[in-house]
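Below are structures written as structure tokens.
First subunit A sits with subunit B, and in the next complex the same chain sits with subunit C.
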Partner chain A sequence: MSAGARTLALSAAAMLSALAVGFVAILLTGKDAAEGYAGVLDGSFGSFEAVGETSVKAAVLTCTGLSVGIAFVVGLFNIGAEGQFIAGALAAAVVGRALHLPTALHVPLSLLAAAAGGALPALAAAWLKVRRGVHEVISTIMLNWVVIYTVQDWLVVGPLRAPSSSAEVSASGTAQIDVTAELPRFFEDSRLDVGLPIAVVLAVFAWFLLSRTVLGYEMRAVGANIEAARAAKIPVARRLYLAMALSGAFAGLGGAFLILGTEHHYPGVFRTGYGFDGIAVALVGSSHPLGVLVAAACFGALRAGATRLQLVGIHPSFAELIQGLAVLFVATRAPFAAVLDRAARALERARSARRGAAPPARKGDA
Partner chain B sequence: MGDPPALELIGLTKIFGDTSACVDVSLSVGRGEVVAVVGENGAGKSTLMNMAYGLYRPTRGQVKVAGRALDLGSPRDAIAAGVGMVHQHFMQVAPLTVAENVALGAEPRRRGLLFDRREAERAVSELAARLGFAIDPRAIVADCSVATQQRVEILKVLYRGAEVLILDEPTAVLAPAEAHALLDTVRALAAEGKTCVLVSHKLREVLAVAARVAVMRRGKLVAIKEAKETDAGELAELMVGGGARAAAQAGVGAARGERIAALRGVRAKSDRGVVALDGVDLELFAGEITAVAGVDGNGQTELAEVLTGLRPVDGGALDLAPSARAAGAIAHVPEDRQRRGLCLPLTVEENLALGRQRAKGLVKDGAVLRVDGPARARLAAELIEALDVRPRDPHLAAASLSGGNQQKVIVARELLAAPPRLPGSAPLRLVVAVQPTRGLDLGAIANVHARLREARDAGAAVLVVSLDLDEIRAIGDRIVVMAAGKVVCELPAGAEEAVIGHHMLAGEAHA
Partner chain C sequence: MILALSILRSILDFAPPLVLAALGGVISERAGVVNIGLEGMMRVGAFFACWASFAWGSAWIGAAAGIAAGTAFAAAHALVSIHGRADQVVSGIALNLIALGLVTFLLEAVFGTTGTAPVETLPELPSLLGRSPYTYVALVAPFAVHGWLHLTVPGLRLRAVGEHPHAAATLGVSVARVRWAAVLAGGALAGLGGSSLSIAILHRFDNKMPAGLGFMALAAVVFGKWTPLGAFFASLFFALANAGVDAVRSAMPPSGPLADLHLDGILLAAPYLLTLALLAGFVGRAVPPAADGVPYDPEAKH
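Our next item is the complex of A and B:
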């Protein structure tokens, strides 16, 4: 069993266990869990509209999941995806409003601005780490608040607030972006927009970078053992900057998807938690770009379908419970791993017995 | 014999997955006896000892201490029965004192609640005095030498009332004089009636101290010899199973070539900020192996780091020949393989490319530099074959290899991942190898030495730092001795051990 397949199986086991435990928890509250789950499924995949809803959320979660995941690769724990997400969202809203260009230019430029906006606070954390030895967990948490307060308590209610005399829809937040900056949608009656295909491309890009390029190899070496990487003459600081810049850019793009695709301006109240959920997505996807994609689809569906729980009288926070359980089960994977390895060995033995071949040696040394 | 043996291993077998690490090993050790267990890497020595100590649960078999069968797989029961293990890697809390470390987990109490530091210090002093250790119970462990830290480990085991001591590769980390002292300690313990089981690679030491020698090969106990009736040659043959052993060639290499490195009055600080190199003068020449002898901690580590560019020079001049400045022209087998040499979570194949990842033979050009997977796999297969890395699977994480095989991975990469095996990289001009054979078995040591000579013959200047005088004498075309951060003398190939030892202690304020 390859390491990749093993990781995948463990994540799937964690996700299924979380769903099972969540099911029991709902039963314990005396509600109809089966009906609730059916509702979630219907709300996330049951209709054309529902699939669109899921895809929008999955696209955003893919971005924040990749953000946390790529920082993990170099051994950094980026808790700042939330702040980077907000910085990117605001940058997209500003560029979407300030420039007047055809869609083919306006959307890419707004996305680029969001990537740069997200990268900025992440690079600040990387700089503090490299030059001053500040632990990135501390700096990214702090920078979250710097960004959140700067954006929500000053810029959006102050300099960037939409003039109230204007005829635009919003009562608060920034002014509406130009129509040319809105993410093009594929269908009339679905919110599925180009965000999802872009997110998939980003995941494939990250996978290619990490597993096929020398740069990605060097980043993984830095994450695996920074001292050995330094001894191997890898420019460690530059790899850390690159990873954090990408991490922030991914989170910022997630914010842009929501602004350019759904909100169409930076609203007065905009606390989504997508940045923090990126941590869960990265953990369940075991920081592998394609694993992140799958985990984001699961959590996106859960988010999209959560409102249906209310229809059968189940509190929607059970969706968050399931997400939390999945992370917990991934973090405590030891029991799953033991069962899995035993099963894999038994399978291997059965197969080799059938072939009459000697079992492959596994352990070479005492 | 009326008494039951102090330690009795009966038919111990341990199977990991599909591999038998240890098969039906029986060994009994009497009270006050010293028995050595020797064998190559992976022969099953450590597995056997870990079963005796309860760290591993045997698949089959039994462990008896003074006639009582132990709960298998329970270190707690083994400790209660008086079995103690001195591990190769010390398990200590560095910022605490010697006495605190020794007492940790079995602290004497005052009024049932407070740690009785004075009582702990008294008990440790008493124990130390009995064994002839000059050791201050109030010293901070982090400030102690490696030899002293090992004594702390021994004290810890005795403090818990051990009657049977298992010492796993105790001299691997020690300088010759310290190793002699350790062997004296073992003799003293035996004279007190303690039973000692010594796991070691070093046959001469084993023969000097043990009454009987048990030889293991591929998980089986192949012989138990009386030390008086055997010699190192016979034991070595039993260990490798009559396989061909490379004869130790006294080094007389190719003619001395171009000067690759010249150090004049080089000064540098250690990690802890104290002067480690205090004016080193040394020249290294192509086609010559320079072996550096010295008591551990006299600047050898820092010398290697200065040469490989990992440590800044504070004063003096370090001149490298232009050819040695090319990327990849310097090979470095670092002292601490897990810290500097390997990325443990990455695969063996990926580790074999570390530092060579941009060499032309391993990349595909394009808009971005891509890893040439097939080329890397080919190189890995060749290197694994060349140094007999086990298991052979290049896709295993480096962390899952034993220490000896991890070392082989580093040596293979540093010495062999160069032209002609790896086209497009610079030829090796300088090889800096610190303790390159630590933890390796005889066959692997001969292989590594042969590779070092190959690098020399191909025109590299080779610097080997070792604490093992046998190795120094076997490999050096010339020998330099370091003491107190200086090169104190230079000796010809094969200089007498006593002469080297004399110079090693020359500059030392003996602790």
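Our next item is the complex of A and C:
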């Protein structure tokens, strides 16, 4: 079995096991698990509208998944995608409001601002790592909270809060963005917007960068063995900065998709978790841009469909449970790999038994 | 004076979850196992403590259930990261995600809500001089752990395993066993800390718990330079900051120029900024245990 197929099989096994455990958990509470799962499927792929919902969420998760994944490539664990996502979301909301331009300029500029906004905290973590030797796991966790509190408990409720008209006391969050900054949608009755195609382009860009360019090769070399990369005269620090800048930019774009595509302002209550989910997406997608795309589609469908679980009395945050279990199972590859290898061996034996005393298979025969 | 007293009082009330969870983090990380699952362990601790004390009508059973839940989560962390040699950060993140979903799931299955558990009154622990037993445990435990780490043989072994597991193994110490014990103890303390939140401090369980306290405990571990007493004082300091924010919030006029500044967001961010500044070396230097986060492979070269 090739390494790629093996990774794919392990991720699929982890995902299916997580779904199975979730199924049993629902059964144990005496609720109708089959109906619940059917609802998830229906809510994610069952209708034109549902597919639109899935793709909106998949686009955002692709961004945060790529964010975590590209940091993994240079050997950094970016737990700060959540904070970078929020910083990007705010930047998009501000530029979407402050500037008045035609759509062809306003949307790209807002996205660019979000990428820059997301890159900022990520670069801070990279600087702390390179110049001060601070482990990025700790610094990005701390930066998450710094961003969350300064954005949500200060900027959005204070300086950037929409001036509320006296009639409308409950208005919270920033002011609405201009219509020209909204992500164009393709259809009347679907929330599918240009976010998804942009996300796919980003994934292809990441794949091309990492596997077809010298820059990407050097980034992978840094991740594989930082000392060897240094010895080979690769500018290690610059590659780390680049990876983190891209990582933050991807996460920030995810935030922009949500603001420019769905929310149309930075809401007063914005607890997303997309950044943390990006970690699950990257791990299940084994940090490969195309794997991330597939994992994001799966988790996007799960998120979109999970609202249907309410029909059988299960909270949509059940999706978090499934994602957590999938991550845990991906982390504990060993038992899955053992089963997989045993199955592959048994298959091989069965094949050679059928062939009888035929000479050993040539390479590429199977 | 009255303000100082009331702040002292709220520190004594609010410090236990932070102190206990941070202490759990110190024990785990000093043995070489990174624990960013503290948030999740606190969460299950808080929930199961509420559930058990409600079901059995005893806060003591609630506290025990909190400890058990935290320990069970820690056992999963140990299984994955010690036995399976998986990435400890990944495992911790998985546990946080699972705790997030699982507790919401159970809250709905048991109490039929996803907000605040509809429990009228939770049984209370007896109070000593007006404080819950948690306060006294949180005041004594850091010193006990400090003494244990530095004055006893098991404590020395734990530190050795966290600094140089191969050397410890050469001397006949079972690295896996010591790490298992440390992770379980860490989970027990985090679970206990979580339980204090629901059954002793707020007397309820709401689904937002612990709202980042586990990450703040992690910050306290780092801010306290991975020592029990350091983590203790860092936790007290953060608890003071929290109490200060609460005091400012409640003293703040609901409107007017001061309220319009919304400074509590900045105050809430301050502990994390301080931890970053410390790590960056602007306020001294914090060095983690040498083998922190490194899976132990007996056959690896070193």
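Following the convention adopted for this analysis, the second predicted complex is superposed on the first by the 337 of 366 C-alpha atoms of A that agree within 3 Å, B and C clash if a C-alpha of one lies under 4 Å from a C-alpha of the other, contacts with A are read in each partner's own complex, and residues count from 1 in each chain.
Quick note on the criterion: contacts are C-beta pairs under 8 Å (C-beta built on N, C-alpha and C of every residue); 3 or more make two chains touch, one makes a residue touch a chain.
The shown structure was predicted, so the numbers you read here are calculated from the model rather than taken from an experiment.
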*With the two complexes superposed on chain A, say which partner A:Ser139 touches: subunit B (first), subunit C (second), both, or neither.*
second
_subunit B versus subunit C as contact partner of A:Ala25, first or second or both or neither_ = second
*For A:Val327, is the partner it touches subunit B (first), subunit C (second), both, or none of the two (neither)?*
second
*Now for A:Glu227: first (subunit B), second (subunit C), both, or neither, which partner does it touch?*
first
*Is A:Phe318 contacted by the first partner subunit B, the second partner subunit C, both or neither?*
second
*Once the structures are superposed on A, label A:Arg345 by its partner contacts, choosing first (subunit B), second (subunit C), both or neither.*
first
*asked:* Is A:Tyr217 touching anything from subunit B or subunit C once the two structures are fitted on A? First, second, both or neither.
replied: first
*Of subunit B and subunit C, which one touches more of subunit A's residues?*
C
*Determine where on subunit A the residues touched by subunit B overlap those touched by subunit C, and list them.*
none
*Sort out for me which residues of subunit B touch subunit A in the complex.*
16-19, 21-22, 41-48, 219, 308, 310, 327, 332, 334, 339-346, 350, 353-355, 357-358, 363, 368-371, 390-392, 395, 397, 401-402, 404-405
*Enumerate the contact residues on subunit C facing subunit A in the complex.*
34, 36, 76, 79-80, 84, 86-87, 89-91, 93-102, 104-105, 108-109, 114, 212, 215-216, 218-219, 222, 260-266, 268-269, 272-273, 275-276, 279-281, 288
_Taking the touch rule as given, give the residues of subunit A at its contact with subunit C in the complex, in rising order._
25, 29, 31, 77, 79, 128, 132, 134-135, 137-139, 141-146, 149-155, 157-159, 273, 276, 279-280, 283, 313-315, 317-325, 327-328, 330-334
_Interface residues, subunit A side, partner subunit B - complex_ = 2-3, 212-215, 217-218, 220-221, 224-225, 227-234, 345, 349, 359-366
